[in-house]
Amino acid sequence: MKKIPVGILGATGMVGQNYIAMLAGHPWFEVNYVAASLRSAGKKYGEAMSGRWLLPKTYQSSVAELVIENANDISRAEAAAARGELAFVFSALEMGKEDILALENSYAAAGIPVVSNASANRWTDDVPMLIAEVNPDHADIIPSQRSARGWNKGFIAVKPNCSIQSYVTPLWALLREGCEIKRMIVTTMQAVSGAGYPGVASLDVIDNVVPYIGGEEEKSELEPLKILGTVRNGKIEKAAAPLISAHCNRVPVINGHTATISVEFGAKKPSVEQVKQIWTNFSALPQELKLPLAPEQPIIVRNEDNRPQPNKDRDAYKGMAVSVGRIRPCPVFDLRFVGLSHNTARGAAGGGILNAELLKAKGYIA
Amino acid sequence: MKKIPVGILGATGMVGQNYIAMLAGHPWFEVNYVAASLRSAGKKYGEAMSGRWLLPKTYQSSVAELVIENANDISRAEAAAARGELAFVFSALEMGKEDILALENSYAAAGIPVVSNASANRWTDDVPMLIAEVNPDHADIIPSQRSARGWNKGFIAVKPNCSIQSYVTPLWALLREGCEIKRMIVTTMQAVSGAGYPGVASLDVIDNVVPYIGGEEEKSELEPLKILGTVRNGKIEKAAAPLISAHCNRVPVINGHTATISVEFGAKKPSVEQVKQIWTNFSALPQELKLPLAPEQPIIVRNEDNRPQPNKDRDAYKGMAVSVGRIRPCPVFDLRFVGLSHNTARGAAGGGILNAELLKAKGYIA
Amino acid sequence: MKKIPVGILGATGMVGQNYIAMLAGHPWFEVNYVAASLRSAGKKYGEAMSGRWLLPKTYQSSVAELVIENANDISRAEAAAARGELAFVFSALEMGKEDILALENSYAAAGIPVVSNASANRWTDDVPMLIAEVNPDHADIIPSQRSARGWNKGFIAVKPNCSIQSYVTPLWALLREGCEIKRMIVTTMQAVSGAGYPGVASLDVIDNVVPYIGGEEEKSELEPLKILGTVRNGKIEKAAAPLISAHCNRVPVINGHTATISVEFGAKKPSVEQVKQIWTNFSALPQELKLPLAPEQPIIVRNEDNRPQPNKDRDAYKGMAVSVGRIRPCPVFDLRFVGLSHNTARGAAGGGILNAELLKAKGYIA
Amino acid sequence: MKKIPVGILGATGMVGQNYIAMLAGHPWFEVNYVAASLRSAGKKYGEAMSGRWLLPKTYQSSVAELVIENANDISRAEAAAARGELAFVFSALEMGKEDILALENSYAAAGIPVVSNASANRWTDDVPMLIAEVNPDHADIIPSQRSARGWNKGFIAVKPNCSIQSYVTPLWALLREGCEIKRMIVTTMQAVSGAGYPGVASLDVIDNVVPYIGGEEEKSELEPLKILGTVRNGKIEKAAAPLISAHCNRVPVINGHTATISVEFGAKKPSVEQVKQIWTNFSALPQELKLPLAPEQPIIVRNEDNRPQPNKDRDAYKGMAVSVGRIRPCPVFDLRFVGLSHNTARGAAGGGILNAELLKAKGYIA
């Protein structure tokens, strides 16, 4: 099978690098187009990245040879698409919100689907914000999106913020079994890679915790409501519950966001044992479709007292599984637990790739 | 004024070292007796500690010359007391609970007051668990304690766990103003020095978070209730509220426990501005008495977005103040904020010394 | 092909865990026997390790089911060997030197070859200290060793200390090309995993460097001389050069020992370019034999200014390659560079496994 | 005594902040003028620094009230000097080299002495590069500098790079006793605060070492030669020895540069015991003059195996002393040891302040 040629917008940044690293050897997709700011445009990727590549796993030699395009010059992407050399793009753009909005729209309007990691379009009401195991049906808003915008082949789909990945899938697993979740109080301890590069200054996190990450608490409280929402009349309506309070902190960890979570159930309250069972047995559409990057076990229940931990659990299933532990009753609410998710894998590039796999399986990408 | 001669039980351990460092130059107290396990007994303190001293601030030369006594041999302490060379002891013992109980009792029975950092006697119902700004009146259970045990001069007073110091004083400040606090959900991010030495293995915390500290959540949930309790018939009765849920985590920080706190008020709900004002203006008995180690400002309100932080705020007023910040409404409960307290200063040796200062001011130590 | 059944002595310790993790899926060897101290003996490995396993990569379910034997009870290993269930053992024992000497000798005497990670036998003059790329010929002292001890099938072979791996192979590559190396001054910055578990206290390395590791400088200066030595009359005679001065430091890094090295050449002085070429082209017997764990490229030359770095380069070829960089003239000696080697892979378990592969290829293990 | 009013150029940067923190309560100097880039100019210092102040110790309220001047507008400084409100400036400018050269010259030409932390003027041959204990006599080049430039009251004096402070004073102590030092090989392990703020990205140093700091090795090798040089005909001539090879590394430490040093002596070789004695007894002009920031003991000899360490020794004498340890023979050269110096105290602001104290004591500042 010929692989689908994909592009990376923002290919030189940290998320872009993660896309390239995680796509190496992908069975369906092949990086064939890299775009960045004008400053890097025109250079071969391998040359541009010498001394700037941040990851242990390096890029493929085929990617090293790609000439970086100017991400603002959509005509180059259109031409590549016309030649059959570009089927869709992953957006890992690092710009102001308005610029990203305009640019992602332009690619989609030009017939190039955009699977985005950026936050700019997360609250556009006909853009699905996908966690492949949770709301794959939201992808089916794409025909409405296309028709409302007069787009033919292009569309925009996004993934949510990295900070919510450790608790949304576990919560969804409970909701799917009929549990009602009324309120939650969450504290995150987030890795520095979530801030990109150079991101967090070392002076700010060695021997320290920073109890603030700009914009992160709002995202952590609101994005779950769209993901758990309902498609109605071509728009996604937010769910009414759960009500979430998030305290977001930066800690001296390279990769892996940890969260402590207290949950208040409504009418149907599962026991701790039922929760463990529901999570252990949880499987969803990506698993059923055997999508290449879908973790065999989306939620890993750890029974040891002291797990999950970032440096031991973040890499489970290529960083695509959520690990949970310390599942126990909450003396104030009903249930409490610890969740952990790899923020640059599941929470960024890996989540985007899994979304693209889902969109291909559903026929929106070809 | 001749200084009061004090002893340190467990003088070679980490908390013992902190007592010695913090007592250097103390206007009232002078370290005059050091006791440890049999292994160290008989050596001069300075010799025993060469290569084992853990702190930047070193011990005084007068302490270096003290010969370490066997902490289990109370007759030595009795003899020192009889010679007027030992007025009371700080207990920083590191042993099993039963051993500490027995040993602290024996010192007190021998007429030597014990101001303890250990947890063994925290739930003895006639032993006050003191935070000098919060429940100084609990010290007045000492006469009952003495009479019930048939002790003449000795007594036992303890301080609570380091994990609760960042939120109990702020909560007390609100309670004192008539606010009702019903429930709280707390997540702590605790420094490694809280586990003593060698304590936490570096392999467990570099690039990592450990979401579990044995026994810490129970202490964090229950100890506040005794501190906020009432003395009745020679016993301290636990308060009924607030109900607390604590998630305790170890993070790669040397000193300073940070906590995120969500608070549900009852009838009287202060506004964010009122809370800031109450905390800024808070002052209590130790400040009134001008106790030597009492922080001029017990609660420091930080208005910057990103404070308090352990490595910038822990040392405020010699590590004796609590710093709070990010005071804002909680979408689930009423109020949320971040608290920070230096775990080896206010949370251990400094808290013990301040308690001893209070007990001296009240006449229980002479 | 039926796999060779191997045993791990010290299977519950950190090096033992690394052996088990690195042997998972090995094409020739299969862990079939695990032994530890009496305390763990009798338990299934999986049960004993719950909460004690330290690595991201977990153990195989087949290993989880093995019952831990008492490492001091050699009769159990003999019986297993007699049943064809144990061909040789990896020694990752953590005991006093004399105990290890006695125990390794007993296994070998019982006909069970010992491939050891321990330092006890490193200076036994008929025991080869092997780096598979450097002195594979030293393995051929085994027949003399056996005959001198009256052993039939058993033998002892060891690997050197983890601190020297980043510079010995590069130096050997130059020596092999005829360069003379007279003197070297080395400073190591060593990872905490080198000290085992719990090993280095977090209080000692967060925001800190410890400029001392007991015994490490002596090993770093002397072991290379045995490795570069000559077999004569059934004994290994130390090489006379190079003279080495080592400064060994502990730094807050989980895995990967970095070293800065200044080298004084004798008569034949290679240019910087020649050095880069020699290292890039270096290949040796393990590569020729295509041993399973042999890194395709044993020495990786990095040309970026700021490489090698532990967290980017340690995992090259499963942690079995040495990465070098900053190759430049030394104003005091002739050449200086930075070397990096993964201390628990190449420097411990991985190095031991590669040695066993070499010994199998040479017919000493069957 | 009325204090001397001083200015800080670059007052909002990290070194500027350190100057302000270290000058709080200084007996001779008072911060009375703060200048920074145009961006900050016009704001009160306290307002400008809210959320940007990086240090545990905060600025004085008198400094908070100062209005920040534009550092490029020398007329403002001249006017302040004319009013008697500015006697000299500390330069902590962070700009390109040419801009700093021009600006420092302009201040000096305007009659305002410049005591600089910047590297721009370090190699100007009539500008003294001072370590107050080592080459205080170089200050006496100031009259020549003034006359050559036609300056009346202004002058420029600089301090050397932070990376050399841990070994130059110890070496000078030996040279002063008549030892000849021919060659040295040095490896530094430098703290992140040396790179300013934001400086080193946390992704680059958590669980990592970066074996490269741009320009640092050249400074570490050459600057000692100017400091040890000779004033001749109004210029400072470099010393011919020692020949130095420096390997500079960044490690995850907040403050405190550690170095390992191997030294080759010439004719007169002191024994290890003599070296310890020379260093313990070392005292120089700043101690004799009892300059306010002069450490009582400029070189602290640690006899424990595992010292000096950054987080235990950096703060000795307010960070102004050098701590040395592990003094032992070098198998390749003659002597080896570990040196440690606080890079933002002695190595930056503290070193600058001590230089100003020396220059005042010598009458160049009034």
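Here are some notes:
Chains: A, B, C and D, in written order; residue numbering restarts at 1 for each.
Throughout what follows, contacts are C-beta pairs under 8 Å (C-beta built on N, C-alpha and C of every residue); 3 or more make two chains touch, one makes a residue touch a chain.
Bear in mind that the values here come from a model prediction, so they are computed numbers and not experimental data.
Most remote from subunit B, judged by the distance between CA-atom centroids, is C. The chain pair A-C and the chain pair B-C differ in C-beta contact count, and the higher one is B-C. Subunit C has its Cα centroid 47 Å from the Cα centroid of subunit B.
With centres taken as mean Cα positions, subunit D sits 44 Å from subunit C.
Per-chain Cα centroids separate subunit A from subunit C by 40 Å. Residue positions 54, 204, 206-207, 252-254, 305-306, 311-312 of subunit C each touch two or more of the other chains. On the side of subunit D, the complex with subunit A involves touching residues 54, 192-193, 197-207, 252-254. Those residues of subunit B that touch subunit A in the complex are listed here as 183-185, 187, 189, 204, 206-212, 214, 221, 243-245, 247, 249, 251-254, 258, 260, 262, 305-312, 325-326, 330-333, 336, 338.
Within the complex formed with subunit A, the subunit C residues making contact are 50-51, 54-56, 206-207, 254, 303-306, 311-315.
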